[in-house]
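You will see chain A twice below: alongside chain B first, and alongside chain C after that.
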Partner chain A sequence: MPEELVNLTIDGVPVSVSKGMLVIEAAKQAGVLVPHYCYHPGLPVAGVCRMCLVEIEKQPKLAISCATQVAEGMVVKTQSAAAKSARTGVLEFLLINHPLDCPICDQAGECELQDFTFQEGRAGTRYSPDYPKRFNPVEDFGPDVLYVPNRCILCTRCVRFMEDVAREPVLNVSERGDRAYIGVHPETRLDHPWAGNVVDLCPVGSLLSKDFLHKARAWELDKTASLCTGCSQGCNVTLDTRENVVVRVRPRPNLEVNRYFICDHGRMNYRWMNRGDRIEAPLVKRGGELHATDWQDALERVTTTLRGAGPRVVSLVSPRASTEALFFARELFRGLDWTGAFQVVMGEEAPLAGVPDLALRAERAPNGRGAELLGYGREYAAALAAAQSAAVVLVLDEPDIPVRAGTLIYVGTVLPERARDAEVVLPIANVAEEDGSFVNRDGRVQRYAQAKPAPGMARPAWWVFSELGAALGHGEPVGSAAEAFERVAQAIDALRGLSYEQLGFVGKPAAVPVAV
Partner chain B sequence: MGFPHKPHPKETVLLSRYFGEADARNYKGWVKRGGYAALEQARAMEPARVVDIVKDSGLRGRGGAGFPTGLKWSFMPKEKKKPHYLCVNADESEPGTFKDREIMRWTPHALLEGTAIAAHAIQAEVAYIYIRGEFTEPLAIMDKALTDARSAGVFGKLKIHLHRGAGAYICGEETALMSSIEGKRGNPRIKPPFPAAAGVFGMPTTINNVETLAAVPHILTKGAVWYKGLSLSSPKSTGTKLFSVCGHVQQPGNYEVTLGFPLKDLVYELCGGMRPGRTLKACIPGGSSVPILDRAETESCLLDYEGVVERGSMLGSGGVIVFDDSTDMVYQIMRLARFYAHESCAQCTQCREGTAWTTKILERILAGQGKTADLDLLLDLSENMTGKTICVLSDSCAAPVVSGIKKFRSEFEDYIAGRRKPVMVA
Partner chain C sequence: MAIGVKVMKRPGTKVSYVRATLQGMALTLQHLFRPKVTMQYPEEKSSQDWTLSPRWRGTHRMLTDEQGRAKCVACGLCPQICPANCIKLVPGEDEAGNRYPLIYEIDEFRCVFCGYCQEVCPEEAIHVGVHYENSEFSRDRFVYDLERLCAQTHPVSTLWDPSDPKGE
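So, the complex of A and B:
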């Protein structure tokens, strides 16, 4: 059935939007961001901050654009004198009890109160300094959340998230009038596995992440579109880096996967990306010891080893490796007696009750589905047994290194003790240091981008395996992740026709049956 | 228990006829006085017919907004797909208003009968009577009346619950009242959806004031035409209305007059005029939320929905607060603002912050530390607090401030200029 469209004009721009859409969303389509605080597309409408007041022709009063549905022929004026003056009034009211402690506030620079005040607030306050401001002490809400009530504008996004999305209503508005504050149930803590989202939802610096506290000013951060590696859900995230150190992970909206949210497990799952004990140079065994060398030497050593070895090969790979890396690693052994396997760490599943098909999944790896698509199996124990008699064992960033008789080639980010007897060790980039893609549990192919440089001589794994493949005569090496993905898409039916350009940064479903 | 005055000859006693007769509180006593006959009459009719009669009578909501009652009932879905609810607003928290309290104290069965008729008209199977928490005595009386009438079987399948409020002014706002009945914080809700579409528990709901419903049995027994005839000026304001008069009059109390009655006569005749040696200075005609009238406006005002609007205020709930010339208007307005600041539910920014800020400015003016610019600031804040929020609590705080500054500006200026002794407010 074709979608019913409604035509309206917003600030002189004609738009056609679906019936039932809210004016504030329609305005975005007209290129207009109506200032707002309580409204959030991922939460039920509250209509309390009164910031998004706009003038609508033929309506006697200003209307809040977050609770007004579009209508045919509607003429919306967000910049009319009445609307602007009403919003300026709201901003003035919001600031009278606000401490204006931006210089020490974590939110400064990414604060909607700052932004909209700058945009249309009064230059000065008319609130006499003789009047006291509301004061309440900082509250420890939960494992990662601090509440600074003095900065709170009572938009209730946090309350609505816990009530309607997490469905664990532990927050409320306590007290009335200008004494009001966000209260937490006295016998509970804000420790829901998805509670950290309240910090992202808070438009001001009232709910803070203890983990991120005082780590950086917003303007010092570089932001990179990435994917969470915490489980097989494939939540879209942004990696915030300061001076090439990942300091924060935040959800990146993707209505098909994680809407506007990520779980706390994913949010906290980034410190390993900054590990200092990385392999920074290729290592080759010489005289029973590993010695640093250059890439050419190391790659030659691997090709020599592979050419001279028997036909039985076992690959043990990490389900955190990119689809591209897994593909080229598989291609190396085309025509040989090959077994490839991966293992997945399992944990407890933690659903977000208010969003269908969104959970911290028990399977704590981002690319198990991709590994399966490329022919790697889940029979890890069998693969370990096979490794005992294999001529060559290739381990890709998997710490569980088997006992074996044949030659070990270890490709990884860090060097586990048992990898020290490898013939060759090749240093690779981690997820924050390369471009790549994963296939999530539902078969959705999604890209992640490089957020910081890899240490030393470490290179993306797809580059390493593509170079090795070329040296072994399997065609030309690839020069970028996009090119690497093109090769994958040509070879793998499920990904046929897809490209980095097409995937964009929200991904596309692969032609695979959905995992159970 | 306060005893009511004897009816003044100029009063039209309809709702207040049995005020003071303890026997009228009893089920038997009420039936003896013709009670529950209207309910039987209504039950014999199609619900739509009852709605039409009330529409024809011109009855308008007595809680404050004055919305036509029959029209409100007609908004309920004709085809019943979900349970329908009736909510009776007995929260009566508007300062200066105490009419519903007396209706419940003296004629609880009048309210119950009106409730049952309304429930029939809107096809509701459940009615909630939301009684102000402080009304302990009316609650006890209502409770007994409900038990007696229920055991006499007058309600049939209709379930009537008494729900006691917990002391918040805002719970008298219809959508906040519904939230409160649902067990939630008493916060007003954004409209639409309107209660007739999604009210209490998300079901089609009608909310009526106590006095409105108490008038319904009379309309049924005596007819819409008769009720419509009760009108002294505007044909759009029909029937009688209880006015709760308080303040500097000789005989404060509830007075029932036909709509269109002169406010002057109410004050000077029915209430016995001002205290000796005092003259009228100002009057709030419709509960604390409406603009203040000065003496000339008061003395020329007709008490009906249109007449009070003509004088720049509103009929509201009929809570008439009378001030004589001894009154410090700045102080009175500060007390009103402080009340609203205390009662603001804290949802809307303008109300949460504006009511408190307004109070602080007024307190500072009273303390002799006000600035000339404060008056313009108050007016500007009031402008920002009017017509921009979910409910009208914010507007209610602004109304007395704006009208007060407009009509009694010199009193504010006296404090600011130091011509008047500062008042330290606790």
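So, the complex of A and C:
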């Protein structure tokens, strides 16, 4: 069925948008961002902040663009004198009690009040300098959320998130008029597993993350599109790094997966990316001890081991490894008696009630589906048993090192105690240090990008395995993750025809739908 | 065209320099009775006709509040604007939960004394000083920490005021 389109003009730009769309969204398509506070595409419309006032021809009064639907032939003027002066007035009201403590506010630099005041606010105040601003002490809302009532502009995004999206209405607007503030239910805390989203939703620095408090200023952060490794849902996130240290994880909008939200588990699941005890050089065993060496030597050692070994091989892999790495690791043992398995850590499931098919999944394995697509099994215990009699055991970033008779090749980010008797240890990059892709539980293939450099000589796992494969005569080595993915797409039916370019940063469902 | 060269005519014989020498000595003698312009530096640091400009940009000083604590709130603007990258700042919280610098260090060797830190500071905490005597016995003493910056007592710079460009 063709979608019904409506034609309208916004600031002189003609646009055609689907029927029922809000003017504020249509304006985005015309390249105009109407200033707004209470409106958020992931929340129900409230229309309380009055910031998005625009002039619509043939309407007697200014209209709020967040609650006005588009109509045929509508002419919207966002920059007319009347609309601008109305918005300037709204900003002036908001700033009566706003403390202007930007130097100590964590939101400074990504604050919508700051941005829009700079854009169209008054240059000075009309209040006398000794006017006493409203003051309320900072409140502790929950495990990771602080509320600074002075900075609050009562947009009620947090209230609507808890009520309509999390469906746990513990926040409200308490009191009235200029005494109003955001109140939390006296007998509860803001400890919903998705409560951290109110910090991202807050347009000012009123709701703060305790984890990020005073840690970095917004303008110091480098942002990288990535994927959450917390569970098999595959939420899109942005990794915020400061001087090559990941300091914050924020949701990256993807309407097909996580909309605008991520859970607190994923939000806090970044410290391991900054671990200091990493393997920084390839290690090979000489005289019963592991010694650091260069890549060429280490790779040669692995190929001689693999060439001389018997046909029984077991791979124990981490479901946090990229699809590309898992593919090349599988290709190494083409034609041998191979068993591959991955271990899935289980946790508690925590759904977000207001968004269908979005939850913190019990399976804490971001690429479990990808590993399955490539032929790895879930029978980890059986694989551990099989490893006892195997000639070669390859462990990819998995701390569970099996008891075995054969040779151990350990490829990982950190060196567990029990991997110290490995024949060769190869250092690899973690998810923040390489490009790669995951397949989430619904069979959606998504990319993540490199946010910081890998320590020492560590390389992406797909590079390591493709070099090894080339040395064993399985084709040319690959030079980039995109090239690596091309190879995967050629060999695996479910991914056929896909490429990094096509995936973009929102991903694509695998060509053959995978049964859930 | 050929370049014309003027050839000076020199006296061939019997030249006396006594007159010129006496002229020179007379000039020197005159100077003994003129007003002195030399300042006796370590003893004398300014005079009636000459003082350091109030816009002078020298080593830094951190101003303090009534309790003697640095006014800095660790907003991070000065390390951001610093063209020489000489300010090290690690933000944290003080006992009362206020934002406060845990570490604030300025490497005065690296500093180019542009005064941007003072200009950008929203709390009027960090200032460049009207001060130029900075000798030390070791290089590491030139990294001033917060305590030392607060302990400085010299006057602070007024910087250049765009509304009063000539400083009148």
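Simple rule for what comes next: the second predicted complex is superposed on the first by the 511 of 516 C-alpha atoms of A that agree within 3 Å, B and C clash if a C-alpha of one lies under 4 Å from a C-alpha of the other, contacts with A are read in each partner's own complex, and residues count from 1 in each chain.
Rule of thumb we're sticking to: contacts are C-beta pairs under 8 Å (C-beta built on N, C-alpha and C of every residue); 3 or more make two chains touch, one makes a residue touch a chain.
Computed from a prediction, not measured in an experiment: that's the story for all the values here.
Using the contact criterion defined above for the overlaid structures, shared-chain residue A:A482 touches neither chain B nor chain C, since it reaches no partner. When the two structures are aligned on the shared chain, A:M457 is found in touch with neither chain B nor chain C. Touch criterion not met for A:L336: it reaches neither chain B nor chain C. Touch criterion met: A:G47 reaches chain B, while chain C stays clear of it. Residue contacts after overlaying the shared chain place A:A281 against neither chain B nor chain C. Once chain A of one complex is fitted onto chain A of the other, the partner contacts of A:A180 are limited to chain B, with no touch recorded for chain C. Ranking chain B and chain C by residues of chain A touched puts B first.
Shared contact residues on chain A (touching chain B in one structure, chain C in the other): none found. Touching chain C in their complex are the following residues of chain A: 102-104, 108, 138, 213-215, 217, 219-220.
The residues of chain C lying in touch with chain A in their complex are 73-77, 80, 91-93, 97-99, 122-123. By the touch criterion stated above, chain B contacts chain A in their complex at residues 168, 185, 190, 341-350, 352-357, 360-361, 364, 369, 377, 381, 383-384, 387-390.
Residues 45-51, 53, 61-62, 64, 67, 85-86, 89-90, 92-94, 96-97, 126-128, 130-131, 153-154, 156, 172-173, 175-180 of chain A are the ones touching chain B in the complex.
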